[in-house]
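In the part that follows, the structures are each spelled out as structure tokens.
Each of the next two complexes has chain A plus one more chain, namely chain B in the first and chain C in the second.
On to the complex of A and B.
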């Protein structure tokens, strides 16, 4: 493995449905080691699709039409499927959106964390078990031994998300994709989970691609932000700058649309319809050029 | 929902669930024992005819002969002995045919539900076409083509009923395939097929088992139907269906020839289907 400055490079990534509809349009982004990059946008903007492309779990009917993905400098889409699987398994992990379906209901928690460590990282079973216990302890699970022997349905949603965070960090991956990890949780739990991810991320120096639609979360956790609209990058900037000096009108509208708990009387201002219409029109124009240029 | 507490395991409904499991198991164990130890249990040779002893009533009715507990049929053959030997055929057919249908149907359902696309289109259309045939007619047709005999009956049932498994398993696989844990397994380096077999299949197993037991009951019925129309195995061999067919003509004056095999057929089918539901609950950690 040759040393490379970036943990992840996504270069002009395009993905599309079989009918030619584009889901991502020339998306580029980079992640440096130890960096947290937030990926924001409304639902359907293609945020999750970027993470899925990197991890190789795109739905069967979605294909990468153009572009490159480099994980630690290695071209993922030039590899054979087997090598790709191995590379991704060894250096990337996912904290999924819905903790209720992300653990296999018929298998106990312990093996679900331990097995990949043994199979992919080649650790001994006792080492892997010690590592799992240690991580469960670090995500503040009170009785890790008992939890390892439990079935997923015996744990609450928040507990399951902790288990999943532990599982994601267990193999010391270089990259973690966190796909809206707090969306399915209670507001009170959300905060704890967010803090936990930040804590572990800072300790381990893992790069995190943090998918979210919540600008409040963006401000708390990330150093860089990529703003997506309809599969197209609107803005890519350091987090403080996005809040103090947003350059793109869409970013400004997104920040304005974020509800504030401090000031409940402030009127709610959705993203203006005219702006959305304008953006769609421009993207449609781009698409015409894109397909026209190729055919 | 409190974050750090575990939900207590739900209280088990001991009464109904356990009965649902154990009563059918008891009857099926009895039938299995009868099948295995038929030569020891049967008081008479099931094929032995004695025209002097035709249509003897069962033991609790005047005119019965000692040793012929459930009476005799029109050829003087012992009903109890024939029922015990009939259990053999019923069980052989139900186990092998149901298992064969289960293996084929489950495999098809898993493939169609997981890979989707052309696999799904081809398999689903095949199932649709298959199910358009009336099953019993299909079975009669198949046995007529294949020729009578135990093998043909088993094959006919398997060929007809794999669609039951395919349809249900396909739907369940589709639900499971969308779950995040499948993605997690794939990120963890599992191939799609490995994810299907080691992650999804265990989640579907309770349904497979329930369907399998249900199918065993159905196989017993189909075999009885085929025997009834004399298309199962040779008419001499004791099967419950053949006994029912034979007793039908004498129902007004020798009802026992028909009734006893009918009861065992009924209980066996009922047991299999109840057991299927009970097992499904038993194996599913969430339903428990």
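On to the complex of A and C.
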């Protein structure tokens, strides 16, 4: 494996449904080691699709029509499915959106963290168990031993998300995809979980692709931002710059649409319908020129 | 809590068995056909008939007969078979092992075959293989067990005679077992000649009973598997590097198994019911075959004994199904 500066390169990625509907349009982004990139955009913009393309878990009816995905310099879409699966498992992990459905209800917590380490990463069982205990401790779970022996239904939503964060960090991945990891949680728990992810991310130097639609979260956690609209990148810039000097009108509208806790008097303004209409019209024009990867 | 459950369960079991006893007892007596007349040679006198009727207590009123029979039953005495002149209990328990071994073998075949087809179908979901398996399942399901029996007799008994088509074991074998569980005791004693012969006799009747159930299991389990394979924890397992087959076997199967377990529980009782005809087709010396003889001969005590035993068997099976639920689903274990 040749050394590569980037943890993740997505290059001109296009995915589509069988009927030709495009879900991602020439999406490019990079993540450097230890970097957190926020992926923002309204619901349906295709944020999750980017994460799923990288991890190889696209729905069966969605296909990559064009583009490259490089994980630590390795071309994922040139690999056989089995090799791809192993490569992704070696270098990447997922923190899912809904902790209630992301744990197997009939299996204890312990094996759900330990098994992948033993069976996929090739660790010894005792090493894997020690690692699981250590990580459960680091996600601030009291009594990790007892939790390892519990079933998911015995834990609260916040506890389960901590478990899933521990499981994601356990194999020391170079990249973590966090797909709206706090949306399904209570507001009070959201902040704790966010802080926890940032804490572990900084300790381990893992790159994180952080999917969210909350500009407030973007400001707190990320160094870079990709703004997505209808499967197309509107803006890609360092986080501070996006807030001080947003270049794209859609980014400006998104920031304006975010309710600010610091400044409650500032009027809340939704993204203008005229702007959305205009953007859609331009994208439709682009699509007419698109050759669908057949050149 | 647990004690209360057990006691309730026991009480309902006794009530059920009592109900079954009343119904069977009445039915066999109001049905046409006189057991005494069947026993006597042609030309017996009125007096002979009256004597025998008195001997078996058929001259008393129905409630009286029932009370006498029931007081015997609670002491473990189910009366004497009219045709075979042996205690019903002995006869029935002598045949039970044959039927149990046959049903269990059929169940094992059905679960293995059905489970295998379900896993393959789920693994190949959305492909031609899945469609092919679905079509085969439908075809298998539309043929009832006794017809499978006849088809097997034709195929492997007549056209390509490789399997024995009648009996339970090669009669030339010298079997001095203490029980009639030929397979189990044969294995324990290391008498593999007996085990082999019994299994080869059981194969066709067991397959006949198993195939329709296997098709049902395959269909339902595949459907449940496909539903589970959409869920987040299976996606997460894929991200963690598990192959699709591993995801199915390790993450999905136990979660998908519950509906199938209910089906198997219900259908297993039907399967045991199916042994009656299938045992007849293959002249297999089990309870079902004995039941048909008992009905033909109006052997009332024997019919009653067999029916009560079948009822008890069904109740035990339902109990086992309920227990395995708790094992499969940790949420049911507490509270």
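Note that the second predicted complex is superposed on the first by the 287 of 295 C-alpha atoms of A that agree within 3 Å, B and C clash if a C-alpha of one lies under 4 Å from a C-alpha of the other, contacts with A are read in each partner's own complex, and residues count from 1 in each chain.
Throughout what follows, a contact is a pair of C-beta atoms (placed from the backbone, for glycine too) under 8 Å apart; a residue touches a chain by one contact, two chains touch by 3 or more.
For clarity, every value in this text was computed on a predicted model and none was experimentally measured.
After alignment on the shared chain A, the placement of chain B and chain C results in a clash.
Within the superposed three-chain arrangement, the count of touched residues of chain A is higher for B, of the candidates chain B and chain C. After overlaying the two complexes on the shared chain, residue contacts for A:103 are found with chain B and with chain C alike. Of the two partner chains, neither chain B nor chain C is touched by A:43. In the overlay built on the shared chain, the residue A:120 is in contact with chain B and with chain C.
Shared-chain residue A:158: touches chain B; no touch with chain C. By the document's definition of touching, neither partner reaches A:269: not chain B, not chain C.
By the touch criterion stated above, A:83 is placed in contact with neither chain B nor chain C.
In the superposition on chain A, A:186 makes contact with chain B only, not with chain C. Overlaid on A, the two complexes show chain B and chain C touching the same residues of chain A, namely 55-57, 60, 82, 85-86, 88-90, 92-94, 96, 98, 101-107, 115-116, 119-120, 151, 153.
Those residues of chain A that touch chain B in the complex are listed here as 52, 55-57, 60-61, 81-82, 85-86, 88-90, 92-94, 96-98, 101-107, 115-116, 119-120, 140-142, 150-151, 153-159, 167, 186, 188-189, 192. For chain A in complex with chain C, the residues that touch the partner chain are 55-57, 60, 82, 85-86, 88-90, 92-94, 96, 98, 101-107, 115-116, 119-121, 151, 153, 164.
On the chain C side of its complex with chain A, the touching residues are 126, 231-233, 235-243, 250-251, 254-255, 328-331. Of all the residues in chain B, the ones that touch chain A in their complex are 1-7, 9, 115-117, 179-181, 183-191, 199, 202-203, 205, 285-286.
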